[in-house]
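Chain IDs A, B, C and D follow the sequence of writing; residue 1 opens each chain.
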């Protein structure tokens, strides 16, 4: 039996994660990772009902035992010789804009645990599957894509928690891009510089016009474009922002 | 009569320029600018014969009178209410790796004349057409794309000439992205970090494997992907390099 | 009785930390923090015997209880109204150049614990003393200085552990510079881009000439120069490397 | 007769240039370059009357013949075996905040002529003297220092003219730092990120408090600190801004 190529999305919620999952589900079975099942259950159902294939696995991305368990579930489901065509790290945490001296230690540690340690654990767990994807000659180079933010490149006042984790994640992605590019895995980092248009942000930026927020489907499309770049033309980093954004 | 939307490519040669022209010619009449007619004549013929529409105009991009003349020719050909869907600046000059104290003044000035002044003149000439494209509600946001290089972000020893011009061009593109994004024009900058696979580089990197050089058609594809991003999701900058490239 | 102004150095060892402590000891009583007493005992003795004043406190910089204890010891020694003229974060950990798939989780976590969490804990503990230094009108603006590395701005292949922590620390320092600059505290980050000349590196770069390694005393001098900048002229970041270094 | 070591300052005016000249005049005879004699005459007189030595030479920094003439005057004055301990490029031009489509071509070209071409010409003319300074074993490594601005690292909307020149100059300085560091010349770039307190800016930022503007003497002091760094500890780049500056 032929080996399967899957896509794995960590940090599935109502925004980028869901759009990315839908986009990649058109080409690959997708695995949805989130801590809370309510974050992936409906999405998995939707994908499965519309002709795709999706499974959700409750996973704490900052806990290597939990991620190891997810990989075990994946191998049970798709075979022990499963390869990955894409792994997308979309998790984040520890966002709090606050004067530094009032920043709770646990918020700071959450940012680090998700963005830095979580990125590390996710990468160590998925890279063997991505390298397997290279071996299986996936149609497009297996891709490891990290979702960044404005705070990945600018550490503003009162943003020490989120920025610290996001800079760490960007460093991780750059190091991996340099190490695994020559091995055929395409590692990318996307700087999402603006507000994403999701239910939670419905009331934000209402006066800034209809195009003031990033489209999550648009982000998913850009991730797909990164994924389909050939080995000769890898992009490590893109930035994405609404046309009207000040930067 | 309906207004026409065109694509303008400056710096047409056997590599990126030609690939970009072919790619955009599938959607728009294209205008090919180069100093020497032999750089665009065959390409224009090829595009016209395969069902597209192309005209070439001999233009010195660093000379505002020459570029003004090109705009006049464009308006005569496509109507005075012509708009641009895309303008791509792919010109460069003054490349010379040499100890600084032996760098001829005219080489340095050529780099500056093409990359800095040329970028400025091309942008001032095409932005009114791109803004006209916004007005004409082009299917994709009118795009002004600049071709950069490794030397756009790293100024290595003995590379003062080329790097100086390329950093200047990157600054120009960033300032324009911030000013014209809110007006609906998508300004991008692409860092081409590696050798492009063209006839002139045929013998280069032969030992580095079949994927060691950038594909010009791949670059054209990435430019097209930039062009088709919606107003909600503009990328200012991408980097592009072969998977095996050290960076 | 007048309040005292002290300097606190975290991460005292045989290199930068000791040189910085000696330099600042010429102006202020210094507090030396390191996990192992053998890292500060001789240095404290040396400073005390040569007319300065130094105390060492065994401290785990990544543990907020341990750092809180250090602050208690400081207040007991110098008075509860003690202010800080300088706090220098020179700790680091988790350095390991290794293929990513063989990088032990605990090494990665050490890098993060020291550089990210440690930087956070040290800053939350010392900033109140530095703000007290502003209030006490210290002769030079109270300074919080972070020691970075090449890996703070470049995440090379096989360097994911160290680079991730160092990028995080740089983000922290930038956010703090923006928040606390207007409050009178000078926050800086120094990119040490090269090998420091200490006993442990005696055999390194022997063929590269006498000036191929950074002088720790030179670094201390640069930190002092940062410290003595007036409020009108704050530097956030400097890079430091031997003249012969390739970069 | 012993060879002389001088300092050369290009772009002498009432601000940074004058402060730098005074600072370096305490250690070296200084050569003041500016287009208009009224920009250096009083300063030269002041330095000569207070025990230093200064000569002014009317020079168009963007014109290689004019700069060659300045070098001839220098050699006539100080001997053909004169060396330079420092060369400081403080010239700038083409500052105009304006919508891009209204930016006059001559303003853009002035920015480029001064910052890019002027930087090139000044460097080619002074580096032989700086290398001579290395040979003469100057007390501090001969230094070539470039004055940058906020616009050297950020190209804001409507700032295309100034930013383009300043990015070009930064590229030049980086390339020269990499090439001439190993030869013993210390090349630096200073990002002056704020308003400098000079007669022309007297009325600016009056509500922002007494420390809202950079001190020109402070900048001169920082340049001197760069100059006195030993070969083991070279800084390429520093940023400088008032404590209260938003960035």
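Operating definition for what follows: a contact is a pair of C-beta atoms (placed from the backbone, for glycine too) under 8 Å apart; a residue touches a chain by one contact, two chains touch by 3 or more.
From a predicted model like this one, the values you see are computed outputs, not experimental measurements.
Interface comparison, A-B versus A-C: the pair with the greater number of contacting C-beta pairs is A-C.
Subunit A and subunit C have Cα centroids lying 34 Å from one another.
Shared interface positions of subunit C, defined as residues touching 2 or more other chains, are 178. Chain contact topology: the protein chains form a single closed ring, every chain touching exactly two others.
Subunit A meets subunit B in the complex at residues 141, 178, 181-182, 184, 186, 197, 211, 213-215, 218-219, 221-222, 225, 229-247. Taken together, the subunit B residues at the contact with subunit D in this complex read 64, 99-101, 103, 105, 108-109, 112, 116-117, 120-121, 123-124, 127-128, 151, 154-160, 163-176, 178-180.
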